[in-house]
Amino acid sequence: MSGTPMLRARGVGIRFGAVVAAADINIEIMAGERVSLIGSNGAGKTTFVNMITGYLKPDAGQIELAGRDITPLEPRTITRLGVARSFQIPQLFDELSVLENMLVATACHDNRLSFWEAARRPAAIDRADALLRRFRLDEHRARRVAELPGGVRKLLDIAMAMTGQPKLLLLDEPTSGVSADEKFPMMDIIMGALGHETSAGKMTVLFVEHDMDIVERYADRVVAFYSGRIIADGVPKVALATDDVRRYVTGELVQ
Amino acid sequence: MIGMLFTVVLVLAGLLMPKWLTFLVTMAAAQGLVSLGILLLMRGGVVSFGQGMVFALGGYAAALGYSRLGLTDALGLTLLGGVTAMLVAAPFAPMLARYRGIFFAMLTLALSMVIYGLLMKIELMGGSDGFNIGRPTLLGQTLSDARVGYVMYSLTIVTAGVMALLSRVYFDSTRGLLTVAVRDNELRVEYLGGSVRQAMMINFILAAFAGGMGGALVVMSLGHIDPNFSYWTTSGEFVFVAILAGWQSVLAVFLASTVLEVVRSFSSSYFPNTWQLALGLFLLFVIRFLTRGIGSLWIKENRR
Amino acid sequence: MKETMKKAVISPAFKRQAALTAIGAALACLVQGVQAQETFKVGIVSFLSGQAAESFGIPAVNGAKVLIEAFNKGEAPAPYNKTGFGGMKIEPTYVDENGGASKQVQELRNLYDRDKVDVVVGYVGSGDCLAVAPVAEEMKKFLVLYDCGTPRIFEDGKYGYVFRTASHATMDNVALVRYMKAHNVKADSFNMMNQDYAWGQDSRKDFLWSMEKLYPNAKPGEDLLPKFGAGQYGTEISALMAKPADVTHSSLWGGDLQAFILQSGPRGLFKRSQVVLSAADHVLPALGDKMPDGAIIGARGAYGLMSPKSALNDWWWAIYQKSYTVYPVQAPYRMAQSLLGLKLAVEKAMAANGGKKPNAEQLAAAFKGLEWDSPAGRIRMALGDGHQAIQETAIGKTRYDAAKKMVVIDDIQRFPAECVNPPANMKSEDWIKAGFPGAKCN
Amino acid sequence: MQTLFTILIDGLSYAAWLFIVALGLTLVFGVLKILNMAHGSFYALGAYAAASFVSWGASMKMAPAFSIVAMLLAAVAVAAILAPLTERGLMRFFYGRDEVLLVLVTYALFLILEDVTKLIWGANPYYVSEPYSLFGNIDIGSQTYVGYDFALVALAVIVGLAVWWGLNRTRHGKIVLAVIHSAEVAASMGINVSRVYMLAFTVGIFLAGIGGAFTAPMISVQPGVSVGVIIISFAVVIIGGLGSIEGAAIGALIVGLARSLAVHMAPVAELFSIYIVMALVLMFRPEGLFQRIQARKI
């Protein structure tokens, strides 16, 4: 929509000792885009996500959110600015019930922490339930999270990320560890849920993905990583067709 | 509600109890407040091995308030104790909030021992012998030999009741829930925009307040204070009570505290030569077989 | 909603528990309440564990045991020959003083209220004494402090039901300095080493002030304050030797003192400086040949090897040594003089009460200003409005007697009570600083 | 100059003692992640055992030099008897429980051992004077030192090197290090972690025992000796960094020197010197001088 991109990375780079995890990454993502980050393991996708969310601090370059430099900020602050993420391994509150997990999420997001306001007040519960329904999690509502199957954990992880209606949503391998036939239904649920987001226009989504079918179906732009560098960037059809991608990512070309 | 009713019942029961029992319960309830503070921290996943520090701070504050400032009202002194402990503890909160597990425990232990060393030194406050304070008044009326015991008992029970109620409200509040979340998964809390450090600091400061009140109440019933309030064995007992209670229930804390007092007092009058042995075995037994604390006896939630 | 549910589940369980505790406890004290008649219950509190057990607590309790046994058999010499206390069998209850003042207050209340003891005799720790005295007063129960040293108890407070049957600590260091003066020990300079807690700090001050009066030109040198229970004194000893002084003073006791002597002996501290120890008698039997000769020591009274010759003392010495194969030192002596005084007071009160068991008031009335003979000489409740005892004391020089295989004490000098204790109208600190006005040393 | 020298010597010999006492504590924490409050009790038991062994040796008319052996045997005996009892019979049931809970368990153990010791040896003091005179006296400047004190320094060095060597140069040691680094990983590598725990705990008790046994000649062994060493060795270990051997050494040196500096320069501050050092270290490096805290990976 507006001229300034939702996310802009300028010459971002980071290295762990000798390993270059990201080098001179330049990318602009406009509001409402559905971008998929692809690349073989260790290509730098998750590292990039971690740098956006402030978990890792780049050695070089800077990251802007809607024109604002967020490079030096703490994950918490960045989250508050409207960047939410899900995790490859779902990060949940195992001791709590599904509902309670959502209640924590909502309480944090709308920054309504208080000493006396009951966490279980009807208003909050309704909101949580609404989200749970949208992610088809309502039947697990009362269960202790530690007991949930992998797929459900993934969904809950994403649901919690979305409670704050973020401007930018980062999904780290949303379908990893989910059986092939569940993948599409799951992505449908996720993307369906995204669709509802209206308040700040269409939600911008970055998702790390290995399954190219999913990429082709759900992404309107693909960014391919290889050893910390971007080797392709464009609409799926084009990007996935480039030699580099076929050589280093999908492995269709063997050198 | 029932918590209230229960407090009232206890206060009335106090009229029937023999003196030594009222005193024992008074002590248990007052010290229970300190353990309540530890419970607060436990919900956030850390345990302080130095709550003796806030206990002593509250105690000395009340004692000095009485002897130096001439402030004699029991209620006022109780609050004074709580607030002082809170104020002194606050500056350490940011530092402590960075640590977890054994490091948090050790740091707090070290702090309490530093305070202990200080108190030993200050001869104005009786050094290691400590000093006595006279009898407090309550709401302007003086208390006779006969009544003081029961009045302090009631005051302590009521204070404990109120604090229990408040902490119940806090535990059920959004912040309360967040605390439990923090213990579960700090990373996620941060990524939801919640501040782990803030939660930790708040709990530590609130714990200090509760502990300070406990210290003040103990000093007023005891009529004496000395640096041992801040000694590591004292802190150890507070931790034990919290563990014995388990982290789910507030009332369990006060029950646990009473149980410990009873066991200690009977073992030391029946086995004067081996009461430590008896107490030690009791501790082991509880830790071994009451894994989730007394609270777990009646709270059947699907939580580990 | 869920919460009220939760409470609903809690409170019955809790009430039941509380009820049980209450009932159980009630029963417990009933059971003890019954046979209170014609026996006299004495609660005896001293260190049965911890750092003060070996030197003070256990010897004192041992002393109590043999003495009470003798009392109950009516074997004690006149005027202590009535069986028990005026015919009433003595029933002792022993409690460990270890565990801090707050525990002591609690135990004291239990002794009076639950175990229904008629009198509590006890407390070595000054902190414990300060803590328990007001409690006994509030409960209007009879309390006898037998050992603790701090003068603060009766100088800062006023009590009707609390008595201390031994001189407070002021005497120890005053006597020490008087002895040095009398045997014109050279003391142009002196070092001090005292534990960094109330006992050590007070002893240090008493000694310092007394020196200022009797040795105005003496220069204080090292002033060490090791922590209680330090055990390792190598560094302190070096410091003491690095600043050679004519006299080295210390109020260490028990394990700390023994460690200090063991470590400083071989390093020749006792040869280079006249060591004066304010409360060292109790380590002599155990140390034996490890105790260097020529140390000037006190016993906090005319105790053990420095006790006066008397039939009573011989009898006491004999029964103690018979049961424990070691002669009695300060701790058992203090316990003995306390129980002897109590015995007379009880019997005096009974006489006044028509032969019936006296209550706390009558006991207090009888004990106030009482005088009696103890193995350590005459005890007089002269201070604190008749609640604080004064007694004679003695100081001497140590020498290991290879023939007897034990440490003996030479050049014993006795100091009458009025010589080393402040008069009734004066605080000990002011008394020393004023130069011991009214001291009668004949 | 003379004073400075004295300060150094005193500080060193005190540090040596501290190191011997604290080493076992830090080792046990490193491996089992248990902060052992009963450490002081094992120390006391070592002292008592030494007393019994040495006096037995004396009664057997053995050469005074034997007393050194006797003290070593005492430590061995304590470890041999107590390690199985406490580790197999008690600690084992609590592994995997919260660290702080384990501290409480050892606190209970401390209470129990206090009375058990008293029941076995009674309340009378024991002396082990023979060894103390074994190394004669050494005059340095105006000072006379007891040779035994320097023997302790040597012992500290030997024990320290032995432990270091054992950890870094032997197969068992490497295994232990692996467990220190991460019990999970070690287990997954097929290491019998529970055996390593047993080993470490035994060594820990042995070191405590050595500390007690070799301190016995300088003190009167009697109730209460255990309490004295607990907090002080905690201080050393906290300053050095929980679970770090070199940390314990540095910690001991710092505390030792700080104390002797205080005694010689500002005696009033002695009681406090240790706490001050501890507080300072905690202010600026709360995890201890030799502790590194690892960040979490996602």
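To keep things simple, chains are lettered A, B, C and D as they appear, and every chain counts its residues starting from 1.
Throughout what follows, a residue touches a chain if its C-beta (ideal position, glycine included) is under 8 Å from a C-beta of that chain, and two chains touch if they have at least 3 such contacts.
Because the structure is predicted, anything quoted here is derived from the model rather than measured.
Undergrad: Going by C-alpha centroids, which chain is farthest from subunit A? Tell me that one.
TA: C
Undergrad: Taking every chain's C-alpha mean, which one sits closest to the mean of all protein C-alpha atoms?
TA: Per-chain C-alpha centroids ranked by distance to the global centroid put B first.
Undergrad: Just curious, how far off is subunit D from subunit B if you go by their C-alpha centres, in Å?
TA: From the centre of subunit B to the centre of subunit D is 33 Å.
Undergrad: Using mean C-alpha positions as chain centres, tell me how far subunit A is from subunit D in Å, no decimals.
TA: Taking the mean C-alpha position of each chain, the two centres sit 52 Å apart.
Undergrad: Compute the distance, rounded to whole Å, between the mean C-alpha positions of subunit C and subunit D.
TA: 35
Undergrad: Which residues belonging to subunit A are in contact with no fewer than two other chains?
TA: 91, 120
Undergrad: Specify, in ascending order, the residues of subunit C that touch 2 or more different other chains.
TA: As it turns out, subunit C has residues touching two or more other chains at 49, 196.
Undergrad: Two-or-more-chain contact residues of subunit D, please, as numbers and ranges.
TA: Counting only residues that touch two or more other chains, subunit D contributes 114-115, 118, 271, 298.
Undergrad: For subunit C, which residues count as touching subunit B in their complex?
TA: Contacts found on subunit C: 3-4, 6-11, 13-15, 17-18, 21-22, 25-26, 28-29, 48-49, 93-96, 99-103, 105-107, 109-115, 126-127, 130-131, 133-135, 138-140, 150, 152, 157, 196-198, 201, 228.
Undergrad: Please output the residues of subunit D touching subunit C within their complex, sorted ascending.
TA: The touching residues are 2-3, 6, 9-11, 13-14, 17, 114-115, 118, 123-125, 127, 129, 132-133, 137, 142-146, 149, 215, 217-220, 222-225, 227-229, 259-260, 263-264, 267-268, 270-271.
Undergrad: Using the touch rule from the top, collect the residues of subunit B that touch subunit A in their complex.
TA: Residues in contact with subunit A: 169-170, 172-178, 180-181, 183-185, 187-195, 302-304.
Undergrad: For subunit C, which residues are in contact with subunit D within the complex?
TA: Where subunit C meets subunit D, its residues are 49-54, 57-58, 196, 222-227, 229-232, 234-236, 238-239, 241-242, 244, 254-255, 258-259, 262-263, 266-268, 283, 286-287, 290.
Undergrad: Using the touch definition up top, name the residues of subunit B that touch subunit C in the complex.
TA: So the residues of subunit B touching subunit C come out as 1-3, 5-6, 9-10, 13, 16-21, 23-24, 27, 120-121, 123, 126-132, 135, 145, 148, 168, 172, 218, 222-224, 226, 228-229, 231, 234, 249, 251-252, 255, 258-259, 261-262, 264-266, 268-269, 272-273, 275-276, 297-299.
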